[in-house]
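Letters A, B, C, D and E mark the chains as written, and numbering starts fresh at 1 in each.
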Amino acid sequence: MDLYLLSPEISLLATALAVILLDLFVKEKWILGWVSVTGVIVSAIFALSLWGRVETSFGGALAVDQFSIFFSLLFLGIAALILISSTEYSRKFAAFRAEYYALVLLATTGMMLLASTRELISIFVALELTGISLYVLAGFLKDAKSSEAGLKYLLLGAVASAVLLYGMALVYGLTGTTYLDEIAAAISSQGILGSPALLMGIVLLVAGFGFKIAAVPFQMWVPDVYEGAPTPVTAYLSVASKAAGFAVILRIFYEALGPASLDWGMIFAVLAAITMTIGNIVALTQKNIKRMLAYSSIAQAGYIMIGLAAFTAEASSAIMFFLACYALTNLGAFIAIIAISNKINSDEIADYSGMVRRAPLFALALALCLISLTGIPPTAGFMAKIYIFSAGVNADLLWLVIIAVINSVISAYYYLRVVRVMFLGEPLSEERVHASSGLRIALAITCLGVLLLGIYPWILMKYSEIAAITFLP
Amino acid sequence: MAVGLEHFLVLSAVLFAIGLYGVLAKRNAVVILMSIEIMLTAVNIAMVAFSRYGQFITGQVFVIFIMVVAAAEVAVGLALIIAIYRSKKTVDSEKFDLMKW
Amino acid sequence: MGMDIAFWILAVVSVASALAVVLTRDLFRAALFLVLCFFTVAGIYATLSADFLAGAQVLIYVGAIGVFIIFAIMLTRDSRQGSPSGRLRLPALFIGFLFLATMIFALVNTDWNVVAEVPTESTTSAIAHAIFSEDGFVLAFEIAAALMLAAIIGAIVLVRDK
Amino acid sequence: MEFPYLSAIIFLPVIGAIIIALLPGANPRRIKLTAALFTAVSFALSLALFAMFDRSIDGPQFVEQFSWIPAFNVQYFLGVDGLSLPLVLLTTFIGFLAVLISWKVDLRIKEYFAWLLLLEMGILGVFCSLDLILFFIFWEVELIPMYMLISIWGTGRKEYSAIKFVLYTLFGSAFMLAGILLLYLQAGTFDMIVLAGMGLDSILSSMMAGGIFFLIIVAYAIKLPIVPFHTWLPDAHTDAPTAVSVVLAGVLLKMGGYGMIRVSVSIFPETAERYALLFVVIAVIGVIYGAALTLRQTDLKKLIAYSSVSHMGFVLLGIFALSEVSMTGAVLQMVSHGVITGLLFAMVGLVYYKTHERSIPRLGGLVRQMPVIAVVFSIAGFAALGLPGTSGFAAEAITFVGSYGSTIVSGIEIYTILAITGVVFSAGYILWMLRRVFYGPPWDEYNGVPDADRLEKVYIFAFVAVIMLIGLYPVIFTNVIKMGIQPIVGMING
Amino acid sequence: MPNIAVWAIFLLPFLSFLIIGLILRPFFNNRPMLSAYTTIIAIAGSLILSIWALIAVNGAENHVLTDVSYQWLSIGDLVINIGITMDSLAAIMVVTVSTISLLVQIYSIGYMKGDGGFARYFAFMSLFTGSMLGLVMANNLLFLFLFWEGVGLCSYLLIGFWFHKPSAARAAMKAFLVTRIGDFGFLVAVIFLYVKTGTFDIGELHELALAGVLGGTTLTLAAIGIFSGAVGKSGQFPLHTWLPDAMEGPTPVSALIHAATMVTAGVYLIARMFPMIASSETAITVVAIIGGFTAIFAASMGLVATDIKRVLAFSTISQLGYMMLGMGAVGMGYASGAIDEHHAMALGVAVAIFHLFTHAFFKALLFLGSGSVSHATGTFDMRKMGGLRKIQPWTYATFLIGSLSLAGIWPLAGFWSKEGILHEANAYAPVLFWLAMITVFMTAFYMFRAVFLTFHGEYRGGEEGSHGHGLHESPKIIIIPLVILAVFAVIAGWLPVGDFLGADVHFSFFGALTSWLAWVSLIFGFAGILLAYAIYGRKLLSAESIGKSLGPIYTLLIRKYFIDELYERIFLMRFLVDGVFVVLGWIDAHIVDGAVNGVAMVTMTGGKVMRRLETGQLQVYGLAIFVGILAIVAFLFMFN
């Protein structure tokens, strides 16, 4: 049992505790934010130091491999950006800033564990760690909308957990173990394949995780929660929580349920098609930008699910790459929205009219991110899409890829509508929109990332390839 | 017919379905939370039954963790219900529709 | 045989009390029936030779969760409302039945790998060993600790006034 | 390593755009001069390339090839051959003139020129790429500048037109992407040169080859455009600002024709042959249908836009007649149409700029007020209707001769003859338009409307010079173009 | 004679065009005369070179001075050459064209004096002359087509010279469009021939045709295609409608382009292609029939026209029909085997070109004369003229000579050339011969109707002279070309054009009168003159009452057989513009574009419906989860 393998998680947990404790002693609350960021960075350094090691610990429950480190670093990066960009927004949390930072750190810990555990019980608990932190964060503003978002999230999340657990119970009952590798071995050796209980278990697992990644029809909480939650939390939810969901799905389905891929591959393919279509079509009609991005995130989940359906090493690499690009892009968009909404106190798209003249850089950045989400080069979003579509085609999912590319076309309409409003509309006031340096730094990082990955994706892709190879059987 | 694994599994399914009905049909948020607890308990029964009939202790361990998680969830859930009650003066789930469409 | 009878009684009572929870219009009664349901489930654990769990069930569910819920009911008491059913009663019933049928179909039609004999030892030490041994579920335990921390922080944040 | 000419040509406009964006203040003159400078250098470089091009060897020249995304074997692979070089030259030429044409833009100048230069970059990239993914990237890059340019600086229903253009193009490229990826799955490379040399028609089943072929060609069909995918074009052309209409009609449409030859026909010559009849018939329908619709337009820009639909039918006919002569003619027609229609749109822009009127019934007798514009407009018009001595005739005649003599499709003689009727139609609408706009008694309301000024004369005469040059001595281009076409045709016959 | 000098024949006027267009017009616009002088010098140069060429050809072997080609373009198996030939046919043509052009330019100095577009006028005239000379010298169909369209362009530009007149602008457009319909056939034929034979070279095509390599349907189709180009350009039925309207242009333009030269390009084309076209019996018969029909058809419309230029225009169409008829008749003779190949090839060309040659002079003379009349009266409407004989004696005299020549009165030029055609028609196409005879009568009638209406009787008002100083004889610069042309109108028929073209025709000056045919045609001619005299000279018969008694026929003629209406109102406006195009427009807007917008709308509506599912009710969301689970189960059930 090598605790060093857990060092990233432990350091993050320690930071969370430290922030809570520090809160009791310091007056300058802004310090807390930077302490958290420092903690994230320390954790990232630990994670980086583990790169290259492929080891298991805790009796096989914990796996430290390139896959988990890739995701850990992704979550840490997201967390860092969220923390940086919350510095200004977190004034709204009044006395609870420390708790906010601590919960973000705890949620991140949970996600990192999700990517590295290989045992159902640990996975479940890690999932709930993330979940509970996020429920609280969603309701953090404690006003009517935020509480409602938090409660909806929690109740539906709990139902989804119950469903997920039922699925896990069935799998456990069939195989007698909760370790993923043993489950895979049991399924392929004991003639469990094709039994109704296994199918039912798979369906329940799909539903439970589908909830996390916002696959239709388990996505309905998403728009409400995204709209009601504090904007940085929404940003966090939309990228980190989704990425965590995919990480754990990759773990469970690729690793444990690999032998049954014929069944769940088909399910994911169909869900992917429905998810992206519904996400995009409904997004067309949205007037609130957070809500629109919620539907957009549903649609993006649909694209990523192509990779799940494909079940190849290339596909898992593509998923990882896509998640990273999507994280950068969506975060960039949300950071710009945070900056703008800090000033104009509105999330209505109509209120963004003429924003290019009030906040040229933010508007341009938001436009860039939206273009990336559409998947137009030279942006990260384009490379991500091409990669995952390529993986889809290589796995004989041409029909799904065609649906996906048509969906991209639909999505262009609503993404560009925002761009249009910002660039073409008359500004509602002449007041310039300024933002804190934290927001600007975060925005600069994301936008440069989006462009860099759009122009030279190989710098990241080579790592996602390695990560994919290390964990796939 | 002697009581066997199937009996317990069916019992768990029935309880799960009842909980499900409660979640979907009751308007009071607290009752919804209660129904969720019934669902979790139903899963626990299945876990324990598998544990008993498969001779693996893991199931019981799992149940312990589920209980812990359920407790935590209930705590946070009730806290949220109280928070929402403060701002809306109701816990009727059908009134929670500030955000839609 | 005695076990069988116990099972049937407990099963019927637990189902009945669960039904009462979701059917009654009185909040307090619902809470009490829930507690009853949890008790009978503890009994079922006992019939499954899971003695430790039976105890834990009583402690955690009946003790902690039950009390929590009653507190919450008192705090959010809405006397006029009670515990009515919503608009989705019929669809919920329909879906519930379909789901149940599907589950039962799947469960009954599966060839479970069953070992018939009753375990003799107490499960408590086995559980302890499973959790805390070198290659046991320590990791899950540690994560659970973090989870409790999160829950506590969350509950405090949410309940405390601004 | 030799100087990366192509990268320089492609990315000079980008550098220009960045410099424009970063220029402090909003001194319009400085912005315009910067834009003009960078496009002019790019043009000069491509002229140099044209001069240095070795007209005796097949295959791409000035190649730049590096591995770019090893994960799926994507290369940064640029090169020009006889097929692409004239189009590169055309693009830089029109790109430079577009800057001059835009000289009078006074709304958000900085953004305007930055987008315009980025647009040029995208188009150039398409013509220079020899890797399918790189090609696709450039293909899409052009969308956003175009969207911005139309929707901010356009007129009329500009937002509708802009989004229609973007969605339509994206729709096509969506299928192209699927096709490219499927092609990659089958062939394992995105390298166009390698793909073209593989003989995929015989390796793949005819179902698969046909499937990929049609997936890919949808994008080009929309871009060219062929009937019935043309309805974005009148809207986009009509509502775009002048310079953008010039670029759109001048070079953007050519991406479609270029793609058909470079990708569809080169990689799947036999499949192209199998479906040639279909495309030939569509081409003929396009020519006649487009011309008939042109005849009823009363908006100057719309009229020219619809005429493009008709003229692009000739390109399609030439391509799918699949003979060396016809394809050379088609490429020459692309170049020629680029210059002619570019000039026509520039002239419409001038008329509109000076009279604030585009509706033909509300114009008349303008030759008195603006003789130079009238003369140049007439020259452009006569070139468009294919008068010998202008590029229009040279290109169309070569296309017709090639198509008529093609043996790919039985009965192609009839289709060619039907297509030639388009020439009669085009005379109809061009002359009708000239008569209504310029002839007849001068109108009092346009008294005092100025003629072209010096700058305007510079660029319109530049266009005229090129039209006449190609018309009188098309060999300059055909000698280059045929070097690009020969290997492709060799595969069809061989 | 050096090749360069031959090239210079047509390049000189082009040079003049470029000088005027690029230098004089932009920079010396205040010295318009410079343009006129440039043009005249250039054309005079062409004339001198042409005459030199004519003499040189006469002395050359086979009567071919030059026949050179240069490669212009080569793609794959397509090789396009440009090249010129200077043989007897081309020599005759270049001399004719440059002579008349020169005279017309000189005349124009007077006629166009003070016009705002003076320089432009001469630029276009230079361009035209260059194109026309190039056209007749081209030895290659594609190169020929280049000039063919070039003269069409000039015609367009010059008809619409006074562009501010809506009628002129309209006529210009009509001319271009109608001829383009013919050109369409021509272009198709050129391409067709190239694809079948691999050459554009006229000489090679002839060899192939005569050798029988090129024959059958291929040849017939190609020949008819080429003929359709000629029909358009030479105003033959059914594409004749543009030519009367083309009179909107300045009168010298009408004289040069729409009488003497450009419109004869169609005849020239058939002559140039004669060996090939005559090799197809069907094609050459079509040529003969169209020619013969057009001759009488156009003449009949000339009977009632009131605009003097239109009378002349109809006459031109009619005479061009004659020329076609001549070639057609010889061709039919060849096809039936009555004439041997060698003789037929020369004879067909000779009869037509001889008439073309004489016609060029007297028709140019007549047009310029009408211009002179209008110079005085300011109108072309004969109803407003009369009695000008005394005021414009020179004009009258020359006009009379032209009319007599046109009427084919011995021994004027028209007699000889017309006689040649009638002779061949009588021999090989008897029906058409009688049509032609009637045409002779009509021609004489309408010409002398014009003479009497214009120059005899009393002056019937009209506006004041266009130059505002009363009725007067035209200045010398106008009269001198008239006189020169009049001389040619007399003597042109005496020149051995036929022999020069290699045909074995021998009409002795008096010997011609020994044939019965000559007498019949003279009788028809004089009958026409007499009838005109009776009606319009002595007014023995009332024109009005004749018109009334022949009511429907009169209407038919004055409305030009309603063909303009048929083309423009019914076919163009009713059928195409208001019919087909409207339908297509509707389809484009509502079906093609409608489908696009429809897809967008359906998607959007889908979004609006779907978002309604998002009710905000958390239990609906919960329900959806389980519905989803059950749906997946059902899906799997079906899938397995």
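In this section, contacts are C-beta pairs under 8 Å (C-beta built on N, C-alpha and C of every residue); 3 or more make two chains touch, one makes a residue touch a chain.
The structure displayed is predicted, hence computed values, not measured ones.
Chemist: Any chains in contact with both chain A and chain D?
Modeler: In this structure, the chains that contact chain D and also chain A are E.
Chemist: By that same contact rule, can you tell me which chains touch chain B and chain D alike?
Modeler: Neighbours common to chain B and chain D are A, E.
Chemist: Determine which two chains are connected by the greatest number of contacting C-beta pairs.
Modeler: Comparing chain pairs, contacts are most numerous for B-C.
Chemist: Based on Cα centres, what is the most central chain?
Modeler: Minimum centroid-to-centroid distance belongs to D.
Chemist: Can you tell me which chain lies farthest from chain C, using the average of the Cα atoms as each chain's centre?
Modeler: Farthest from chain C by mean C-alpha position: E.
Chemist: Hey, which chain ends up farthest from chain A, C-alpha centres compared?
Modeler: Result for max centroid distance from chain A is chain E.
Chemist: Rounded to a whole Å, what is the gap between the Cα centroids of chain A and chain C?
Modeler: Between these chains, centre-to-centre, one finds 31 Å.
Chemist: Measure off the straight-line distance from the CA centroid of chain A to the CA centroid of chain E, and report it in whole Å.
Modeler: 78
Chemist: CA centre of chain D versus CA centre of chain E: separation in Å?
Modeler: 37
Chemist: What is the distance in Å between the mean C-alpha positions of chain C and chain E?
Modeler: Chain C and chain E have C-alpha centres separated by 102 Å.
Chemist: Would you give the residues of chain E that are in contact with at least 2 other chains, written as numbers and ranges?
Modeler: Answer for chain E, listing residues that touch two or more other chains: 611, 614, 616-620, 622-623, 626-627, 629, 633.
Chemist: Going through chain A residue by residue, note those that touch at least 2 other chains and give them in order.
Modeler: In chain A, the residues touching two or more other chains are 121, 124-125, 128, 132, 135-136, 139, 142, 150-152, 155, 159, 170, 173, 176, 199-200, 223-224.
Chemist: Where does chain B touch two or more other chains at once, residue-wise?
Modeler: 16, 19-20, 23-25, 29, 32-33, 49, 54, 58, 61, 65, 69, 72-73, 76, 80-81, 83, 93-94, 96, 98-100
Chemist: Which chains touch, pair by pair?
Modeler: A-B, A-C, A-D, A-E, B-C, B-E, C-E, D-E
Chemist: Which of the residues in chain E end up touching chain D in this complex?
Modeler: My answer: residues 72-78, 142, 145-150, 153, 156, 160, 163-166, 168-170, 172-173, 176-177, 180-181, 184, 187-188, 191-192, 194-195, 576-577, 580-582, 584-585, 588, 592-593, 595-596, 600.
Chemist: Given the complex with chain E, which residues does chain A contribute to the contact?
Modeler: Its residues touching chain E are 151-152, 155-156, 159-160, 163, 199-200, 203-204, 206-207, 210-211, 216-218, 220-221, 223-224, 263, 266-267, 270-271, 278, 281-286, 410.
Chemist: Which part of chain C faces chain A closely enough to touch in the complex?
Modeler: Interface residues on the chain C side: 102-103, 105-107, 109-113, 134-140, 143-144, 146-147, 149-151, 153-154, 156-158, 162.
Chemist: Give the list of chain B residues in touch with chain E in this complex.
Modeler: Against chain E, the touching part of chain B is residues 20, 23-25, 32, 93-94, 96-101.
Chemist: List the residues on chain A that touch chain C in their complex, please.
Modeler: My answer: residues 1, 13, 16-17, 20, 58-62, 94-96, 99, 102-103, 106-107, 109-110, 113, 117, 119, 121-122, 124-126, 128-129, 132-133, 135-136, 139-140, 142, 150, 170, 173-174, 176, 190, 195-200.
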